[in-house]
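Below is one structure. I have some questions about it.
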Amino acid sequence: MTFDIFVIPFFGGLLFLLAVLFIRFTAWLATLDKSGRKKLGHGLLNGQIFPATWEVFMESLLHRRMFKQNKLLGFMHMSFAFGWFLLIVLGNLESRIYSGGHVNPPYYPIFLKFFVHDKRTLPFELYTLPGFFRFIMDFVLLFILSGLVLALIKRVRSKWFGMKRTTQHSRFDKWAITSLWLIFPLRLLAESFTAGAYQGGGFLTNTLGTFFAAFLPVEYLYYPAWWAYSTALGVFFVTLPWSRYMHIPTEVLLIYLRHFGIKTGKKPDSFSEIEIYSCPRCGVCIDVCQMNSAGRTSSTPAYFLRSLRYGNPDDEQNANCMLCGRCHEVCPVQIDTLAIRIAARYEDNKLLVPSFKYLDQFDPSDTTADILYFAGCMGHLTPAVKKAMLKILTASGERFSFMDEDGSVCCGRPLLLAGLHEAAAELIRKNTDLITRSGAKTFVTSCPICYKVFNEEYKLPGVEILHHSQYLLRLVESGKIKVNNTGITAVYHDPCELGRGSKIYNEPRWLLDRMVTINKTEQERENSLCCGGSVGDLSMNHTERNVIRDEALKVLLASEPDILVTACPLCKKTFDNGTETVVMDIAEVVSERLQPASKTELSAAVEIAG
Amino acid sequence: MSGAVEKVRFGFSVNKDRQIDYDANLKNVSDIVQKAEPTFNLCISCGTCASTCTAGKFTDFSLRKVILMVRRGETKGLENEITKCMLCGKCQLVCPRGVSTRNLILQIHKALKTGAL
Amino acid sequence: MKHEGKKLVWQEYQKEIADDHFFYARSCIRQTFFPGSEKVFTKILKDELGKDIYDSEHHTSCTGIGYHADAVPFETTMTVVARQFALMTEAGYENYAASCITSFGLYTEILETWHHFPEVEAKAREFLYKATGREFKIPKNLAHASDIIYKFRYEIAKRAKYRLVDKNTGKPLRVVEHIGCHYSKMFPHKGVGGAEYPYVLTGMIEAWGGEVIDYPERRHCCGFGFRQYIVQANRGYSIACSKKKFDSMEPYEPDMIITNCPGCPMFLDRWQYALSEMEGKTYGKNGNGIPVFTYEEVAGLVLGYDPWEIGLQVHQVPAEPLLDKMGIEYDPGSKFKGPNGEDLGRPIAPSYLKFYKE
Amino acid sequence: MNRKIAVIGGGAAGLEASSALTSLGFRVVLVEKEDETGGHIKNWHALFPNRRPGVEVLDALRSKLGSDVELFSGKTVTEIKPVNDRFELSSADGWKTEADAVLLTTGFSLFNARKKEEYGYGIYDNVITSAELESAFSTGKIAMKSGEQPKRIGFVHCVGSRDEKVGNIYCSKVCCVTAVKQAIEIKQYLPDCEVFCFYMDMRMFGRHYEELYKEAQEKYYIQFIRGRLSESTEDHTGKIILKVEDTLLGKPLKIGVDMLVLMVGMEPAEITKNLGTQLGLVSDSDRFLVSTDQHISANISEIPGLFFAGTCTGPKNIADTLADARSAALAIAGYFDNNHNKS
């Protein structure tokens, strides 16, 4: 007997799901842009498949990153994914034993215990192959059920999982999660009842079956139980493409495409859509998002991605994000929410076509220098940073020029952050021209926002782009300037655009190490908090920003350092208004501890400082 | 009537009135913007934004004026005016009233494009 | 609108106007713009009211146009005005009556200046004496000619043959009154009713049966403003001022405009033609304009003078629709006939503004 | 000793000074020209910046008056005669009293808005003063003459203040914040009504005033247009057409409103001027009384035994008036201490 009518809900659901997935995936792949399609072709041929498959195994099944984030959550996800995977793989192997190696219909391994009542001869007869499978299948089922228990607990008491919140579900999600949570308990019941009626099953199902048979008419119950099990599977498969569980198949596709080098573009595209569908809404990002402090939970990444997926992106959700990148750091699926958000902003703001024709008239006097210093827009609002840099540059004896001394052209990053990359390109062109004409070999900026865009978007062959923290470290290491250590304590705040944005965590610390004693803080480097001043956010008001600032200050100043050091004029300005602790830019720290190398340099330094 | 042929050449034409006719002006852009970015209402025309403005260095662009023009319904020509903004955000940093200037620019432009009809 | 409130204001601005024996100073430009007006004024005073009015042929321009165009210095102006006063003194008069609003404003300004700065007056006396050997007395009473008509408005009403009333409906005509800027805007207490709600023309209109329209731009200048009109490049500004007024009064459907200044009737009348030619716009119903009159012309009309005798044929906006409305009898055929009945020819009709009666 | 002090004027300053003086042990004769004490507060529906009912403050002031205060109401003091270190006071109706010292708390009167003719008060139907609006708030009925609710209201700041043309060069201090307060109240009564304030400068000098201003912008979208009203006229629909310059845009602006509220400023009260003249007291170009030293002895007049408190020496808000009244009471106590020590 290899068929019963109850398999139809499952089988129908499965076929439906496969059809939907086929259509969706094909549509996505077909609408990849030109470079995406090219990369897809290359990727399929150049062996990227293997590391990608490994990652699929590690992430989609074992949830390695999730484990790193949170052991309990990791186990929960792994039990479902890997457990179910094992159930399928082992179930197939098991079914082969009973069918003599024939190819079975896909439902056969799933409902094997209905079709085959393998009566036991001995308890725990592990030495026989069927006995082994009976054991292992029950074990895997137990493994999954343990994850299910954790999931139930998490829903009620998310705090036990170290999470402040859990994701709120949409309508489809509720159908899907209910059916999903029913699948394995129903399978357990169906197999147990069957075992109770026919004395089959492994250590779990047999024991339970015997237990139930004592007081339940299991011979009448098992058949409806198989029906229920099949139905739960069917419902899950049918609702899956519209629920968050779509992430399960989509993430696999995402991992392959990412290995092929495909990235989220500046406009929404099919790859960003794949990313959006890959979001499991695990809620890890919601937890780390500082928007919660501002009371703007609806614009946290998971909800933002959900809105995008269901096609009702909300202006405020688009605009209301500091683009600090904390979510990206923790995301188990590594979804590039920042890029997606910026692309969504492009959609939102694309009607705005700035025109900077007037910049044609801007032609500052030709200056030639080796080092070009750029304070940036924000730098001009923190004159202490400018002054410190000029003092240091003078003391170093380098041939430098202050590029934006007399007004600047914006670097273009703020426009990029608003999604206006075409407009940003105009500014990039102008600045590129100014830098190229200066003949400088090194470009130093005080602003991480500027640094990121100069580093990533500008094409300046032969010009090295440095943030001033990198450059100052180089000056100290090369002996061009000397600093002393005054023994005071300091906390270093990683600016988002410098740290997570540009992966510069060490240079500022190495530099500071020579001058102060650095106190550790609870959240630093990749986990550093945003100061709240971000130009990435377009909509948050002043009061909300202050809440975020104050929370960050609380973490930073927990060790009561003498000074709070940062390397971004915007962070400095933001923090300065929220604390009595002295807030300094790293350049100011250097400038204060500058040891004159010679008499001439000393006089120059004094002159500048005065 | 208005399309009349100028039969007699007088050597001059009727000067356009500079007066803001508030009752005749449409305020829909202003209505949209104040809903989209409530801090729009908070501007006190101090001019800090315009004085620090990166674009204002090269042009006569002034967010203070733009805000007033929107409030008064003087939206003609404003669309072009706004394209001068580089969105750098200096104004936001110096604004004493906490106006979200960058979003304001985006919202004003959006309203001009979509809501001015 | 609270009429009582306006009356309270008017009470504040009562001015003394002499009863008889006027030294009349004519206007430089009114005689060409509205040649019948000054003639009607003297006629009413002499023939209707039996007043003594001295119409000197020796007085000159007050220099107002040159003064306001910055071409004539104040010292010169004062000396010229001192000469006018000397003529009055020599003729044995003490009450000075000015036909022109700008002159009236200038005389007022000079008298105020002399009042506050006697040394300036002494200087003016000295200049006059050196230049002409004349001496003068300060006028006992200075009035604008419209003040005098205002003073005698009820006497005129008593003798009136017509009233400012629609003869068909019996309803008062809707009248826009326009006061020359120099009448009371500089010295509110020197004008009847003050600067904000001047009463001088309103009083006449009310006395003669009309209803005054208070429209938003009533305080606005007619657009003359010497420099604005004299320089062609500025005329677009001049006409824009008039247009602003017309646009503002149009919803009230006025039957006529009455003015008391040389420039205002000229520009409110001629610019209606120019606007109709430039923009195809007319401000009366069915392509008609809003006829514009001087207060003397209106006084003459209510007294039953022949419209062509008081010079209404030189108006650009034809007066006939109003004459018909008031029921004034006139001979349409003699509109363009000279003093001796000779045919003067007929002007070409404007493109949009209705000029000839159909 | 039990000296007797005559306090002239039963407004905020007079009431507060009387209770302060009695607590310092003086006998007080409080003379009020109207039938009831309370001065301007009794007509004021709500006070800035917290919109507290005026009557609440008035009740508190009145309840502090002890039995040592002898109140004479309906008496207009016309003459105060210094006689041998004492004062003889008499009123228009022949009533007389004597006192060891006199405190003038004769207050202010509101600027007569008719003087700004071009604004049309008393001429156009829907031009009212801030005081009339305040009375309207008391009755809870904000309506145009036609009985309809206004859809747009304009407030004109500085009516009769900072205006040399009407003879008042000074700032009346309280009108800006009153305008903001009343504008907010209008929005609370009529949420759909548009409200505009035409100001020259926003003088939000007091504590919580700026916050009130911000609230008006943020919560009620009251529009503030910098520019003084030049003239108003009525159009054929009865709407009041205002002409101002939007000085921040540098353009003239025309706007129609259904109702215009004139923020009338403070002028010295008639009685202040009369008594000042009669006593030969110094007054400034602003016509308010002048004390011997604006900073150090703000309550002391040139005449020994004669003191000032409240708005007879210039515009003040209620808190400042009350503080000034208490300060005057101390000045009077100091005066007698010094005299006592000398003799």
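Each chain gets a letter, A, B, C and D, in the order it is written, and its residues are counted from 1.
As a convention for this text, a contact is a pair of C-beta atoms (placed from the backbone, for glycine too) under 8 Å apart; a residue touches a chain by one contact, two chains touch by 3 or more.
Only a predicted model underlies this, so the values are computations on that prediction, with no experimental measurement involved.
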| item | value |
| --- | --- |
| Third chains touching both chain C and chain A | B |
| Most centrally placed chain, judged by C-alpha centres | B |
| Pair exhibiting more inter-chain C-beta contacts, A-B or C-D | A-B |
| Chain at maximum distance from chain D, centres defined as averaged CA atoms | A |
| Cα-centroid distance, chain A relative to chain D, in whole angstrom | 64 |
| Separation of chain B from chain D, taking each centre as the mean of its C-alpha atoms, in whole Å | 40 |
| Distance between chain centroids, defined by C-alpha means - chain C, chain D (Å) | 46 |
| Contacts with 2+ other chains: residues of chain C | none |
| Residues within chain B bordering two or more other chains | 38 |
| Sequence positions of chain A contacting 2 or more other chains | none |
| All pairs of touching chains, each written as two labels joined by a dash | A-B, B-C, B-D, C-D |
| Contacting residues of chain B [partner chain A, same complex] | 36-39, 52, 54-55, 57-59, 80, 82-90, 92-94, 98, 100, 102-103, 106, 109-110, 113-114 |
| Chain D-facing residues of chain C, complex | 1-2, 5-6, 8-9, 194-197, 214-219, 248, 251-252 |
| Chain D-touching residues of chain B, taken from the complex the two chains share | 18-23, 34, 38, 41-42, 44-45, 64-65, 68-69, 71-72, 74, 97 |
| Chain B to chain C touching residues, read off their complex | 1-4, 6-8, 10-17 |
| In the complex with chain B, residue positions of chain A that touch it | 315, 319, 348-349, 351-356, 358-359, 361-362, 377-378, 380-381, 407-410, 412, 414-415, 418, 420, 427, 533, 535, 538-543, 570, 573 |
